[in-house]
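Following are the structures in question.
Next come two complexes built around chain A: one with chain B, the other with chain C.
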Partner chain A sequence: MTTPARLRIAGGTVYDPAHGVDGVVRDVCIEGGGIVAELPAGAPRLDVRGMVVMPGGVDIHAHVAGSSVNHARRLLPEEHAADPAPAPRLVDGPPPRSGTGGTVPSTFATGYRYAGLGYTTAMEAAVAPLAARHAHAELDDTPLIDSGFFVLLGNDDYLLRQIAAGETARARDYAGWLLGVTRAYAIKIVNPGGVAVWKSGGAGGGRNVSGLDDAVGSSAVTPRKILETLAGAANALALPHPVHIHCNNLGQPGNAATTLESMRALAGQRAHFTHLQFHSYGGERGKGWKSAAKDVIEYVNGHAQVSVDVGQVMFGSATTVTADGPVEHLLYASSGRKWVNVDIELETGCGIVPYSYREKAAVSALQWAVGLELFLLAQDPWRVVLSTDHPNGATFLSYPELIRLLMDRAYRDDRLKAVNQKLLAGSALLDGLAREYTLGEIAIVTRAGPARLLGLSHKGHLGPGADADVTVYAPDADRAKMFAAPRYVIKGGAIVVEEGQLRRAPAGARLAVRPDYDVAVKKDVRRFFDDYATVAFENYGAEP
Partner chain B sequence: MSDAVTLTLATQPTHTLVADCIAADRFAGLGATAIAALPVVHGGRPATLGEFFRVRGERASVVRIEGDCTRIDGIGTGMVEGELMIDGSVGRDLGLAMSGGRIDVRGNAGANAGGAPAGAARGMTGGEIVVRGSVGDEAGARMRRGLLVVTGDGGRGMGKGMIAGTVVLFGNAGPGTGRFLKRGSIVALGEVERPATFRYACTYRPPHVALLLRYLGSRCRLDVAAAQVTGRYERYSGDLAELGKGELLRWVGA
Partner chain C sequence: MSAVEHVTCLGCGCACDDITVVVERGRLTEAQRACVLGTAWFGDGQVPQEIRIRGRAGTLERAIAEAAKVLTDAQRPLVYLAGDISCEVQRDAVAIADRLQGAIDSLAGTAGAGVLAAQRRGRAGATLGELRQRADLVVFWGVDPGARYPRYSARYAVDAVGLAAPAGRSSRRVIAVDLGEARGPADADGRVAIRPDAEVDALGTMRATVQGRVAGTNAALAPAIALVHEMTQARYVALVADAEPGPIPLDPDRAEALIALAQALNGRTRCALSTLRGGGNRSGADAVLTWQTGFPFAVDFGRGYPTYRPHAGAAERLAGGEVDAALVIGAPATLPDSVARGLAGVATVAIGPRASAAGWNPVVAVDTGVAGIHEGGTAFRMDDVPLPLRPALEGEDVRSATATVRALRERLEGGA
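Right after this comes the complex of A and B.
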């Protein structure tokens, strides 16, 4: 069918947790790209009786565009050869494009595959300000998803100088200026201070920071100060999404202590801690690993200002892509795989190592279990979002399999038996977690929750005024099968997936903020650019 | 089901033809029309195998190819089992990342025979390739397991970055042979230049080489001299810039 201006999605079982609708048979009405309360009886109908209707999926944290992702693509020609993505057969709209898949698909393929999964919004989680224009260009070529990005600030030279000088207000204004000039959506911190130390070689020969109170160059600058300054800035600038934090010591045994300390450092303020699974390990460096998921999620459960996404690891191929250069060096050294490490001038770093998580590998199995523990012990699904940190823990194409693990205890226990048990002693998962997510809870962790945490009031729900982003699934006892192939996907009112086939690929919208700040900061930043940057102040950023 | 599938080159490609669909195990389950319909890429454009080859026989894991396939790349890519016999020369990427079976070429092979796809960590992981002629550059690169035998000369960087496996070269080796070798053996019966990062270990009569050469003489009917079978070999360990557990065995006479 062609997409009518009005459409009644009739007779489906609706899950719209934002409005407390949990499996109620009712119609969803669409007019002019938005959801409306009611339509005249004669409006065109899409009969979805017996099917499950949810808002379009919202990915709060994925790596899908920008220079780091592009480095990863260049590093992986073998994946492109193994997974060509032919152009889909579209019925109208812009011409379809072929591309490549693998763990880091090309831009168009990324959009097509997200929509094929019922996702209609995705946030690129780490863009260096210098690469902002590149990221926008790539997101422009990623159809079907509304997208935005988080701009990297936790190791930025100008920012660290302001912290060293005690200029908190100027740091806040700088963040406000940078968000606007790069057309970003939120502030991202990656390994606060650690990347700066890695890049400078460190004063005492250190290659990273190890705790919240390590000095970063000046003794006045510590990871704790960076977290406080940027969390405060995000909240003072009234950004829709709080500061998005990748903690220190990612992927190292015993890092749960650092994670909890970071959370306590920001107590009372809104903050989002990302890919929490990678930050929830007990044990000690050189002396073994264990799960500390219980301690970390307990803190999250008890503190309403804290939100997280899990960053689940799934078995199979992945590509680790992060601004956390020192972590990638560790990963390269331990895996012996090919790698890239990049110094992004005054701003940040970047590292990439292709990786594979194996069921028989003790650490992979632990990571898998820790992620599931976080999900299953979380009390408030609104603050614990489903993610795999695509493509770090797994690609977004593994979300359906992850949903099955959450919804089907028998299946989960079966899989648990097949993995390496060496490091699982003491994990709650091994003790047997009975919880099974309901469809309503899945709708929260994949759509309503992330939309709310991102401050996207027009996403993640089906009330009047929401964007007409709707996904319709045919129920199946095998939840992986059900979520892997939605029957219908509607994006901005257009039926993009019909009977399981991608039919249309309209461009997505850009999500960006333009906060108010004291413009006096620009004068100082300009002076800094004249002294240190390779780019002229006038040419910086990504304003149209 | 036939005894063998025979592909006869009927139309010489005018550009490079990537025919990575040709693999003995794949043909074992396909009828003649399905084989002819397999996709190939001719000069960057999609085509079918049947546009170039006449197909006789079906559903057999013994495959014969007749004709000069110098312009045809990727024959035997990812082959798992079966036998592929080619009466003529082939292009690059012969037996790319194959894991089992035998490929026998009565002619020369291009670059990267038994090698790895661009960017991949591993080349061939099993099986045998015998080239009764010369090979291009980087044959056996990043090989993980298996046997590559070349009766003619090797190109540059033969066995580059081998992880394990065995290369036997009857002719002369090109520059950079064995560089970045982690493990594995390169048996050089002709001229070979020792890479700077290899260290002389000893001169001896390796029993495994004798066994291997006897096998090649009887099973593959290769022309192996008695002096090569029982002769002395200099063993160089390397690549010491890598893991250093590989060996380059140079024949120094009876």
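Right after this comes the complex of A and C.
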């Protein structure tokens, strides 16, 4: 069918947690790209009786566009050769494009595959401001998803100077300026201070920070100060999404202590801690690993201003890609795989190592278990979002399998038996976690929750005024099967997936903020640019 | 008289964005701060405005129709991304190749050996400004950037003041590695001579030395070993090599040996390999092809999806008779000789700056403006930093490559 201006999605079982609707048979009405309360009786109908209706999926954290992602694509010709993506057969709208997949798909394939999973919004999680223009160009070539990106702050030399000088207000205004000039959506911090230390070089060790109070150049600058300054800035600028934090010591045994200390450092403020799984390990460096998921999630449970996404590891191929340069160097040294490092002037870093998580590998199994523990011990699904830190823990194509693990205890227990048990002592998973997510909870952790945490009031729900982004699934006891192939996906009112086939690929919208700030800061930033930058102040950013 | 500031130059891969362009009566009279290559690249801004169809003047509409016919009639069309077009044009050009199920290659293929090496091994790199901030030791590996990248040293790696190089040039030590005739800069603080035929061995030995593996006692390699000791003592090493082909053929293993050395040094200190790339926004072609197809150059859509044929790029396909029509987008003057030669025997559509002057007699030639002089958009510096283009002569009645290529794309997508 062509997409009518009005459509009644009739008779489905609706999960709309934002409105307390948990599996109620009712119609969802669409007009002019948005959800409306009612339509005349004669409006076109899409009969979805017996099917499950949810808002379109919202990915709060994925690496899908920009210079780091493109470095990763360039590094992986063998994956692309192994996973061709012929152009889909579309019925109207922009002509279809072919591409390639693998863990880091080409842009058009990324959009098509997201929509094929019923996701209609995704946030690119880490863009260096210097490369913002590049990220926008890639997102322009990524159809079907409304998208935005988080801009990297927290290792940038201008900011660190303001912190050293105690210029908190100027740091805030700088963040406001940077968000606007790069057309970003939120502030992202990666390994606060650690990347700056990695880049500052020097023979010998010490090329990272190890705790919240390590000095970063000046003793007045510490990871703690960076977190406090930027969390304060995000809240003072009234950004829709709070500061989005990748903590220090990612992937290190014993890092749960750092994670908890980071959370406590920001107590009383809104803050989002990302890919928490990679930051929830007990044990000690050189002495082994264990799960500390329980301690970390207990803190999250007890503190309503903290939100997280899990960053689940799934077994199979992944590509680690992050601004956390020093971590990737460690992974390169230990894995022997190919490795990209790109230091990005005055701002941040970029590291990439292809990786595979194996069931029989003790650390992979621990990581898998820690992620599941976090999910299963979380008390408030609104603050614990489903993610795999695509493509770091696994690709977004593994979400359906992850949903099955959460919804189906028997299946999960079966899988648990097959993994290496060596490091699982003390894991709550091993003690037998009986919890099974309901469809309503899945609707929260994959759409309603992330939309709310992102401050996207028009996403993640099916009330009047919401964007008409709707996914319809045919129920299946095998939840992986059910979530891998939605029967219908509607994006902005257009039926993009019909009977399980991608049929249209309209462009997505860009999500960006333009906060108010004291423009006096621009003069000072310009002076810094004149002294040190290789790109003219006037050419910086991504304003049209 | 008017002046446009902060203009990005595409004369080489440095993409200096500090040029002030002066315009008088529609003519570009000065490009302030531009080097000799930049001055030549900007020229006076005058470009021909012809449309030629089989050698005769024609309308744009007819040219687009004829171009579409040439390309859709072909069994094995090739799209080639030449220089001096924006990323926006490159994006449309890849869409055309996808539509035609043809092959596509670009100027980025000239540095293909380095790209392939990086695909095998990765890379240890940095954007140019990070070299400026950090490098205290700059090693020019068989290259003097003064010739092909004239402002590289002044703006980026050597002279400019950086956060950790407060005195600019005198905060750094510069070493020239001379590989026979391929010599480093004359004003280096130190020189190391390595025989060209021993280059890859020397790099391997240097790497082994960094890694503490026994490296033997080959006296011929002693200078290289001394150099690598100095590198391990530095705080942040910039290792600079030319990725573009020169008069002397490069050892095919060189690019990978350089990467391996730069990576190994990061165990002991910090090191970034800076590979010099030519101009015309070839790095943009690499980036765009990578994000749209997953491969950086030498892509074939013949199966209905992109496949990578890194050893069957444009020059090889043309030489092997595997192309029956070609679409060249960009300035023909930027084409590698091997590609230009091959195009002579093929029905060709040329759209770009001075297309009508192409030596290989295109069936259809549409002259357009030059990206960055007559039209805007985005271009990439050699280190993948994106920059906006600020056309000083936009709206001077010069046909836009962006609009022309878009028109052809729409014609092809309309099923013509």
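Convention: the second predicted complex is superposed on the first by the 540 of 544 C-alpha atoms of A that agree within 3 Å, B and C clash if a C-alpha of one lies under 4 Å from a C-alpha of the other, contacts with A are read in each partner's own complex, and residues count from 1 in each chain.
Basically, a contact is a pair of C-beta atoms (placed from the backbone, for glycine too) under 8 Å apart; a residue touches a chain by one contact, two chains touch by 3 or more.
In this text, all values refer to a predicted model and were calculated from it rather than measured experimentally.
Q: Go through the superposed model and pick first if A:A131 touches only chain B, second if only chain C, both, or neither.
A: After superposing on A, A:A131 lies in contact with chain C but is clear of chain B.
Q: Taking the superposition on A as described, I'd like to know which of chain B and chain C A:T107 touches: first, second, both or neither.
A: second
Q: A:A81 in the overlay: touching chain B, chain C, both, or neither? Say first, second, both or neither.
A: Touch partners of A:A81: chain B and chain C.
Q: By the touch definition at the top of the document, which applies to A:L374: first (chain B), second (chain C), both, or neither?
A: Neither partner.
Q: If you tally the residues of chain A touched by each partner, is the higher count for chain B or for chain C?
A: C
Q: Can you pull the chain A residues that chain B and chain C both touch?
A: 75-77, 79, 81, 338
Q: Within the complex, which stretch of chain B touches chain A?
A: 116-121
Q: Going by the contact rule set out above, which residues of chain A touch chain B in the complex?
A: Interface residues on chain A, with respect to chain B: 75-79, 81-82, 337-338.
Q: If you look only at chain A, which of its residues touch chain C in the complex?
A: Touching chain C: residues 65, 67, 69-71, 73-77, 79-81, 84-87, 95, 97-100, 102, 104-108, 130-131, 133-134, 137-138, 141, 157, 198-204, 207, 329, 332-333, 338-346, 352-353, 531-536, 538-539 of chain A.
Q: Give every residue of chain C touching chain A within the complex, in rising order.
A: 5-6, 8, 17-18, 87, 91, 95, 98-99, 115, 118-130, 132-134, 155-156, 160-164, 232-236, 263, 266-270, 272, 286-287, 290-296, 301, 303-308, 310, 378, 380, 384-388, 390, 413
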